[in-house]
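In structure tokens below, several structures.
Two complexes follow with subunit A in common, the first pairing it with subunit B and the second with subunit C.
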Partner chain A sequence: MSAAPLLQIEHLNVGFDTAMGAIMVVRDLDLVLEEGETLCIVGESGSGKSMTALAIMGLVPEPLRVVGGGSIKLSGEELVGASHRRLRQIRGKRISMVFQEPMSSLNPVFSVGEQIAETLRLHEGLGRRDARAAAIEMLQAVGIPAPERRVDDYPHQMSGGMRQRVMIAMALACRPAILIADEPTTALDVTVQAQIMDLLKDVQRRFGTAILLITHDIGIVAEAADRVIVLYAGRRVEEGSAEEVLRRPAHPYTAALVACAPQQLLLGGERRILPEIPGIVPSLLRMPPGCAFAPRCARATAECHAKAPPLLELSAGRASACWLATELGR
Partner chain B sequence: MRLANAILQRLCNAILLIAAVIVFNFALIHLAPGDPAQVIAGEMGGANAKILAEIRHAYGLDKPFLEQLWIYVSHVLRGDLGQSYYFNAPVAQLVAQRALATVLLVFSGLIAAIIFGTLLGVFSARRPRGALSHGVTILSLVGYSAPVFWTGILLILLFAAAVPIFPVEGMMDPARTGGGWIGRAIDIAHHLVLPATSLGIVYLAQYSRLARASMLDVLGADYIRAARAKGLSENVVVYKHALRNAILPVVTVAGLDLGRVFAGAVLVETVFDWPGMGRLAYGSILRRDSPTLLGILLFSAVIVIIGNLLTDLAYRLIDPRIRTSA
Partner chain C sequence: MTADEKPAAPLLKVDDLKVHFAAARRRPFAAAATVHAVDGISFEVARGRTLGIVGESGSGKTTAALAILRLVPITAGTIDLDGVRISALGGEALRQMRRRVQFVFQDPFSSLNPRQRAGAIVREPLDLMGIGSPAEREREVAALFRAVGLRPEQQALFPHQFSGGQRQRIGIARAIASRPDLVVCDEPVSALDVAIQAQILNLLTRLQQTLGLTYVFISHDLGVVRHMCDEIAVLYLGRIVERAARASFFRRPLHPYSAALLSAIPGAGLGRMRLEGDPPSPINLPPGCRFAGRCPFAIDACRQSDPPLRAVADGHLVACHRVDDEGTPPHHAGV
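Presenting the complex of A and B:
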């Protein structure tokens, strides 16, 4: 081993205690993010993907918290249990986050310029004038036309796509090593989605930022990801390079997600009914004893219902938590 | 430029509104039962029909309604609010003497309530399940239900009888000599504490509740999470990003209260013998002293209109969304 990875998560557990026992939102998650790469975390609502992002930021909302002996290391520095002060120095400076809702993630009473400049003044110690100039530069960098005029605009004067550009400008203002993007295009029109994805790829190339992209959209994974982690009910079910995982899913859940993507229809060229995955994600209070996906899985056996499969390494960087993994992954 | 336009537009509205208030007030008082001439005659020790007619003639009460209205309006336009039947002094002078006392009482009570209420609300919203939060809930329930005069009497019992540290009545100590204007200001402030507190408690309850709810709402907003994700300290998140948004409902209600609070002042002024307009108004109603009453109503209307104007401006200052839409 040479230098520590940029971001390394080991045995991350997020949950809270209730009268009915501990409820775990994220279970035993391992993850490595290297400099300059794009890692996608894919999963349905409730799979724990957003909570993973918030755990990295140290912003897990009450009553949830990081439990167990999990570890989140940024270039070797432990973030779990780090002081609030230290975490605040890292947030917005080393690790930034872009949220799903650009319409409500900007403060309505401050101009977008002020909101970008605020980060720069906080972390870079810039004066008012320098911060403003840097904010204009950032607006330019994220492709906002006439930035020296738009810098004084308030969020309500901008469209959703523009606001998401502002969010990205704000997140990248201090040139963070890691950008966490939590469903950054979900709330946007399709054409704007493509623009925002292009922008993310563009700034990654220019600034060398590593991107942790959280999405439920398998199309975005295909488009943007180097590697992908598939989460189901708080657990990793599959991991590998994006290309391999999409081409030869080694978990029935991933296979089903890929089959559900409308892009498949376009590629196939034939008209057929878009498949769906029957059922819903199990309640965190009533997790099945075996594989969490077994109740919805077409290929589930008695073994699947009885015993949860471990995450099996299939090849270097490629893993699946399915009893049928070796059979599927070929 | 936009701001100047907005102010100008509102001032024009205000002038029309005041004109309407003058006419409606006069009509309402005229419709009200009771005969000023009877009261004046009563003060003189009784009279017969002839003397009553003379009084009516002397005060112009025998003229037709529209003529009386015209006389009143034209006088007001010239800055003459008329002569009090009871005090036999110019109404403008009577109101001016008492206006300052009432405005002082009302504003210090209301502003203290807004500031402390908002702070209490913010503190309790930061720990919605904490002891302070429950305390604020109880305080607001009690404070809001307790009538102003009752809180006043309790305060007198507590701070003037049991622990006599504040004066009970009046606005100044008549026996005090020397000390200059600073000494006088301190003396007035000392007299002001109990009346302003009893007036303010009701509003404190209301504002702490309002600010707490509004703050809780805002603290759950996406932009607050985003602000935390920028690495801002909790105090900056709460007092800069959240409070600026959460204060809007407080400003709205403060504007409305500015009108209501004068009504509460009557009771407080009575309990604490405060030489203000509320008691003058009450007395004038009983005495059918309509010129004085009209003067007070006009003054109140002007205060309410100024209050609304200020609320409007404060809103534009705080919320950019209003700046562009107007």
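Presenting the complex of A and C:
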């Protein structure tokens, strides 16, 4: 084994040029994912969290591109600029992805068994019979009752929760080192959501998979993450161990997200007016010159509006991009 | 907070409401099946108060809302608004009633006409109901824009030029344009980012205070419901399984399903009660308690007889065989 981290992203920029200037969806992202851990990327819509996932998979949609010499290394192997052929070997085998909407990510005209078996036949060279047996085994592993019968079901014959289990079975069929889960429970009912989160934790324990979990839900971060990266308008604003970031946010945006979380409504005292983050995420075309969060930040100073703060390391693995970081993180 | 005087007559009274649909036949010549979307629910909402209806997909919460708005045919039961039996209205009387009951939709993207300017969207109810003179309507729309936190000059923009939160503000302005008594909000914030959710919830709270609105607030999010609602009704497969005042409900949710909903919320640390499977279909309902198949506390009695909704403590109603008459549930849950 090499000493290289399982997944290492450096200076990742994703964007495209328009007549009105370059639009950057992800800016200067660094990230390390170690074996067996769960790293959460949290942010609102437009924060660049899903695009980061797609960049890792080599699936950034046109006209977006990875620009500016960023690097994504899987166990030391560079994926940016890798051949389609090589990426196809990696996707589904070393890195798999589970999407938000299990219905639209499954093929409606093939049985779920065929879809799981396809991955195994392609990557593992299994024959039809063996692949089917392995598919049944995977369905069993993700908690689908009577898998030898359900293997022949089509996606429309299953509930949303079942379909998401199938997606997870398919993603894990080749025992990938990394599972990227992009809002895997957002489209599901709460009681089913809890089942799927339990399942992810369980398969991680059994297969030792590293999970990159993309979510907007602070509660899921609290429940599942070892470490967390908070994105705002394409940039990292805070990073650290999930426990520390949630307990002592070192960025006003993280603090506001934690304060707004629905869990706070459940556990906090009763009040008529909630803390809110005023305004909206800035347009990627009209990014403010200073800190992107400054226009919405209650603590913003003249300096914040004028100059974007760098990501400042507060302690090992803990960083914040805020001029007030040292004061806040204390 | 909820222990004040009993109001004389409720603004909205729903009694044994049933909405059944014919299900699509699976095969030609198959027996026609019935979807029991809403299957005998009763509740009241006092003026100026908020009733939260909680449930997962298929619980019938949206169908119940549509029935109150008279947008789906009612199979049985009655709905009274301010003493008027609106479930029996038709024609012009029904149209006039719609002035008093309005709706805020979940998805601010699909509930606004993309070809209509924001001002026209908000103005439409005024035009349709013939409220005020044209000049008055113009002033009113400007005032409505301000009331929901938009600028009056934004009337000229089209829906796609607004963010999700702003679109929901337009939807709210349209809902309050005809000065309704009752506003039914169906998951009004679940399509929005958390930071924006708080803005919209605060707006709804402020509007309720200034306009004296009564809300039926439909949500799957118990945190949002706890914040917004005075009373909570939990729906499961078309039935109310628990109904209680907010404080009582959250201190001690009695029905195992309510407890499971609460403990399913990630990161809240409210127990690890897990349900198996998904909610069954409202077509083939089990004979006993509808929740028995997923309930970790189910006994034989639960599978045989359907528990009635009964009062076990002051105002706390529950439909469960396993909750005793003192209101002791079979589980430990609560905030």
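Definition applied: the second predicted complex is superposed on the first by the 321 of 330 C-alpha atoms of A that agree within 3 Å, B and C clash if a C-alpha of one lies under 4 Å from a C-alpha of the other, contacts with A are read in each partner's own complex, and residues count from 1 in each chain.
One rule holds for everything that comes next: a contact is a pair of C-beta atoms (placed from the backbone, for glycine too) under 8 Å apart; a residue touches a chain by one contact, two chains touch by 3 or more.
In this text, all values refer to a predicted model and were calculated from it rather than measured experimentally.
S.K.: Just to be sure I read the superposition right, which of the two partners does A:191 touch: subunit B = first, subunit C = second, or both, or neither?
M.R.: second
S.K.: One more residue to check, A:261. First (subunit B), second (subunit C), both or neither?
M.R.: second
S.K.: In the superposed arrangement, which partner chain does A:134 touch: subunit B (first), subunit C (second), both, or neither?
M.R.: neither
S.K.: Looking at the overlay, what does A:217 touch: subunit B (first), subunit C (second), both, or neither?
M.R.: Second partner only.
S.K.: Of the two partner chains, subunit B (first) and subunit C (second), which one does A:277 touch, if any: first, second, both, or neither?
M.R.: Second partner only, subunit C.
S.K.: Among the partners subunit B and subunit C, which is in contact with a greater number of residues of subunit A?
M.R.: C
S.K.: Thinking of the overlay built on chain A, is A:161 touched by subunit B (first), by subunit C (second), by both, or by neither?
M.R.: A:161: touches subunit C, not subunit B.
S.K.: After lining up the shared chain so the two structures overlap, which partner does A:104 touch, if you call subunit B first and subunit C second: first, second, both or neither?
M.R.: A:104: touches subunit B, not subunit C.
S.K.: Of all residues in subunit A, which touch subunit C in the complex?
M.R.: Per the stated touch rule, the residues are 44-45, 159-162, 189-195, 197-198, 216-224, 256-257, 260-267, 270, 272-278, 280.
S.K.: Contact residues on subunit A for subunit B in the complex?
M.R.: Residue positions touching the partner: 57, 59, 84, 87-93, 96-97, 99, 101, 104-111, 118-119, 122-123, 154, 156-157, 167, 170.
S.K.: Inside the complex, what are the residues of subunit C that reach subunit A?
M.R.: Residue list for subunit C touching subunit A: 1, 56-57, 163-166, 193-199, 201-202, 205-206, 220-224, 226-227, 250, 260-268, 270, 274-276, 278-279, 335.
S.K.: Which residues of subunit B touch subunit A in their complex?
M.R.: 221-223, 225-234, 241, 244-245, 318-321, 324
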